[in-house]
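The data blocks that follow each hold one structure.
Paired with chain B in one complex and with chain C in the other, chain A is shared by the two complexes that follow.
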Partner chain A sequence: MDGIYSPGAASRSLAWATAFYLVLPILIVVPVALTDQRYLSLPQDGISFRHFATVLSSPEWLGSIWQSFTIAVAATILSVTAGTLCAIGCWRISRRTTELVRVLMLLPLIIPSIVYAIGLYRYFGPLGLLDRFLGVVIAHGVTGIPYVVITVSTALAAFDPRLEQAARGMGASLSQTLRWVILPRIAPGIFSGAIFAFIHSWDELVMVLFIASRDVFTLPRRIWDGINENLDPAMAAVAVLLILFTLLLLLADRALRRRNEG
Partner chain B sequence: MSAAAGHALGLRGLTKRYGDFIAVNDVSLEIEQGEFVTLLGPSGSGKTTILMAIAGFVAPSEGAVLLDGRDITPLPPEKRNFGMVFQGYALFPHMTVAENVAFPLRVRGMSRADRDAKVRAALDLVQLAQFSGRLPKQLSGGQQQRVALARALVFDPSLLLLDEPLSALDKKLRAELQEELKALHRRVGRTFINVTHDQEEALSMSDRIAILNHGRLVQAGAPGELYERPRTRFVADFLGKSNFLEGTVRQPAPGGFMLEVGASRLAVAHGPGTAPSPGTRSLLSLRPEKISLLAEGEAAENQVEGRILSWAYLGAGFALRIATADLGELRAVLPSWKSPVAPAEDLPVRLGWSADAAVPVEEDAA
Partner chain C sequence: MSAAGRTGAGWWLLILPAFLLLVVFYVAPIAQVLTISVTEPELGLGNYERLFTSSAVQRVIETTLRICLITTVLALLLGYGIAYAITLARPRAQGWWILAVLVPLWISVLVRAFAWVTLLRRQGLVNNALLGAGVIDEPLPLVWNEFGIIVGMVHYMVPFAVLPMLASMREIDPRLLAAARGLGASRGEVFRRVFLPLSLPGVIAAGVLVFIFSLGFYITPAILGGGKTLMVAEWISLQILDLIRWGLGTMMATMLIAAILVTLLVFSRIVDLRRIFGAGA
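== the complex of A and B ==
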């Protein structure tokens, strides 16, 4: 990008300050996780990996990690299926009412999750979904739909509608067109949406606090409880593992996009 | 590919309205089996809407589409069994050339072995067999166009519909593919319906041209017939270029009359048909290439004096704009190798044309 207007010193330092401000709270967790002390603190005599060892050998932590993972996978499947079908439907029908549907689909993103959580709590009770795997999957799956609708709609906006016409003109039924033409073209968008829906479920705490108590004890829930009850640096170690895992997912998303653009 | 399986298509009073806007207005047209018909018109003339109605993507507001006399208007596109080449080709970018061509066979549930044989035959037909493993983006525009053709023909469609098939190509390639498309039409013997705004393409490829304007069918006929005997001013102007001369009819006689324009009298021989009544207004279309520059002492049935306003050298010919006293500004095109004078601005010249060069045309209904 030579020859393009380059930013001045002031805007450059402002940009760096902003980036630093965003990343700092995440970075502070790393030295805390490597502390040699038995309480939440910065390392004093040297760094130690023993808190990582604690986490990876504790059945509670491992159980919560596994539970969070299975919930996130199931919720992602729900979000991706519903979100993709909704985005394709809105795109195909494409009337003023479908714009309304699209906005409606974004509601979980707009409404504070605590409001959502209270509502869920009210009607999950009678349905027997409180503190159930299925209940949390439904809650996370539904609130993950907006991410999929957004990414799939973006992918569809770039989809040439003549490809669909061409497929229909050659005798393809709607489901054949969907399977062989539309889905392969928007797969990167679906995959991005899936990653975001997964991350959304993976680190969701507010709703879990309301609709789960004992049987369902996700990873964010365990971190939350740990902070409230004791100041074990194992939480910082978990946080680091979480950050690494999320980073990995985002890098996968980036790599996939780049491959599709290239 | 089985030969001579052409089908006839009929349009009966086809009309398409979008709110108050009438895109297609009461168009009726019969297309014979095996015919190559071009729907020609400027943008917004309704030609693409008609093609989409034939393909089934647009539901007509009134009228019917008939295939071999059977009404197919309510059939969805996937039930019509028509091949179509889209503008920009609409090849599936994530499939190879062979997979693209195999697509219509795959949706019909054909076995892989039968499919492979048909795909090979179709790619051979357009001379692209060696490219079967490539992706569309690895092909040139002309090759992509041929893949689209192979894909549209591989499943033995009843008709082949072409939506501006050559518009994305550069001029030289377009001329080449016009010839190829015409040869392909002869080889497969199917009914081709082509849409274009390019009059040259329409003239060179079609058995018959249907000219559309503002959603109406203005005139349909063989290319030569339309060019030589345009029915209206629009047809004369859109298909090639034309000078228009308006005047009063004098001395009508069988097969001809005199047209009075200012102080000039022009001899008009319009061939068979009734002559217009004397005293009425008449409009003539006169093609620029039918006007010649007269050398010293040379005579013609119609002669007029003028002055060259501007000229352009076009290689094969000169294009001249000539100012005349009674007829206004005339355009003439002369072969450059036998021009009697070297053109120059303000040069006085004598123009001449024969009585049968000019054709009476109607004004178009607004």
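== the complex of A and C ==
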């Protein structure tokens, strides 16, 4: 609002207090991860990187990081492919039925993951998908679809439908129109959706608690066990690494959007 | 559109993969949950009877509703303050404020719960600092109770509260506020009689969003509640994983879905739900 009208002191201090409340507790893990002590504490005689060394040389942590990463990549591919095509189809057809399809696509955001998790626990048993890479990829991929549908639909809203009609009118096939006309225009939306779907899978814990146990042991699962069993500074080091990774992904998203706008 | 008629089939095919994935791997498992709730341990509404007869079940529901309502009110209050500041800030400052809201939103919920445990536990940083400063003699019970759950949940929900409120505040014409001031209204009056009523749709949307997200929240309450204060999601997990009482667990899961859908249905008359979830923009 360009400062035409400025807020009063009370609302200003409430806003600052809230911002501190949101950000400071997260930042506290940084000094704790750098502590020179063996237990969770602030650094006393100086900072030390040994807890990062512990994590980065532990086959358990590295194994979980790798597993989470490969699962997230596979799930993202699934979400992006299905979500993008669905968003394009709904946008182009745009009837009452497709409105219903869109609502269906939003269900995973609305229904708590605990309900889905216990459902999957029972459903995957007979299918032999419990504690399998494929099972977790399907669960994460399906629940990642909404993020892609939302970002791609938003990108499509700014796309002139006459371009698509022109392409078709000049004899382009459906797949040619998709590849040469529609997809290049909505690429930033797809990319944003991919980042959100990736973070969704990378951070997901509730489903994993139910449908995976030994062979599939993702990073959130290992953090969960760590918080419940042994609170040590290595956990803080993992937290810092995760925060850095998330920031990196968000910066990539921002940079890409800016490049496309500018 | 005649073109749509001719080429319709191809476009429908694009929807098919997502539709099938969702029906086979999302809707079917959830439908199974609903079915189990009336078929195990025996056919009938026996599990639902517990809603009226079991005090344990009632206590969980009561605790959940209480925590969710407190969380929603606090998240709306804090979120409103920050959304208001963002709306009235200069564009340069706006970027920083929005960053303060969005970065926590995308940082792992586990990392945030862990940070709160570090701060609030008995030998945590807050208690140590207060003991060191001589403010208290005994460590305060800040976590593994309802207080800890609420601190962590509000922290998680504030960004979700900010986004819908911000969207609705941005539609308010700033000249209205300047005009009200020019016509002699005090700062408080401008806020109360112009800004607040105009931002109300966003507040309601934010309230619905935070409330339904809080109802089924699992991770933060489980970590910061320490197993003593049980909310619905953790109770369900306990029934299924530890007590193997599928009937009761799925009954509560069904009630959870019902509570969320009813909330959405009631408020869909007041606010545009698609706007809450940012779809079909």
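For the reader, a short list of remarks on this structure follows.
Note that in this section the second predicted complex is superposed on the first by the 251 of 262 C-alpha atoms of A that agree within 3 Å, B and C clash if a C-alpha of one lies under 4 Å from a C-alpha of the other, contacts with A are read in each partner's own complex, and residues count from 1 in each chain.
As a convention for this text, contacts are C-beta pairs under 8 Å (C-beta built on N, C-alpha and C of every residue); 3 or more make two chains touch, one makes a residue touch a chain.
Since this is a predicted model, take the numbers as computed values, not measurements.
Of the two partners, chain B and chain C, it is C that touches more residues of chain A.
Looking at the shared chain after the overlay, A:Leu120 reaches chain C, while chain B stays out of its contact range.
Touch criterion met: A:Pro108 reaches chain C, while chain B stays clear of it. Residue contacts after overlaying the shared chain place A:Ile227 against chain C, while chain B stays out of touching range. In the superposition on chain A, A:Leu40 contacts chain C only, with no contact to chain B.
Touch criterion met: A:Ala167 reaches chain B, while chain C stays clear of it.
Once chain A of one complex is fitted onto chain A of the other, the partner contacts of A:Trp180 are limited to chain B, with no touch recorded for chain C. Shared-chain residue A:Leu251: touches no atom of chain B or chain C.
In the three-chain superposition model, chain A touches both chain B and chain C at residues 165, 168. Listing the residues of chain A that touch chain B in their complex gives 160, 162-163, 165-173, 176, 180-181, 184-185.
On chain C, the positions that touch chain A within their shared complex are 3-4, 7-8, 10-15, 17-19, 21-22, 25-30, 32-33, 36, 78-79, 81-82, 84-91, 97, 100-104, 106-119, 121, 123-125, 155, 158-159, 174-175, 177-178, 181, 187-188, 190-191, 212, 215-219, 223, 233, 236-237, 240-241, 246, 249-250, 253, 256-257, 260, 264, 277-281.
Taken in their complex, chain B has these residues touching chain A: 55-57, 76-84, 86-88, 90, 92-94, 103-104, 106-108, 151-152, 155. Those residues of chain A whose C-beta lies close enough to touch chain C in the complex are 1-8, 11-12, 14-19, 21-23, 25-26, 28-29, 32, 40-42, 78, 81-83, 85-86, 88-90, 92-93, 98-99, 101-102, 104-116, 118-123, 138-139, 141-143, 145-146, 149-150, 153-154, 157, 165, 168, 174, 199, 203, 205-206, 209-210, 220, 223-224, 227-228, 231, 235-236, 239, 242-243, 246-247, 249-250.
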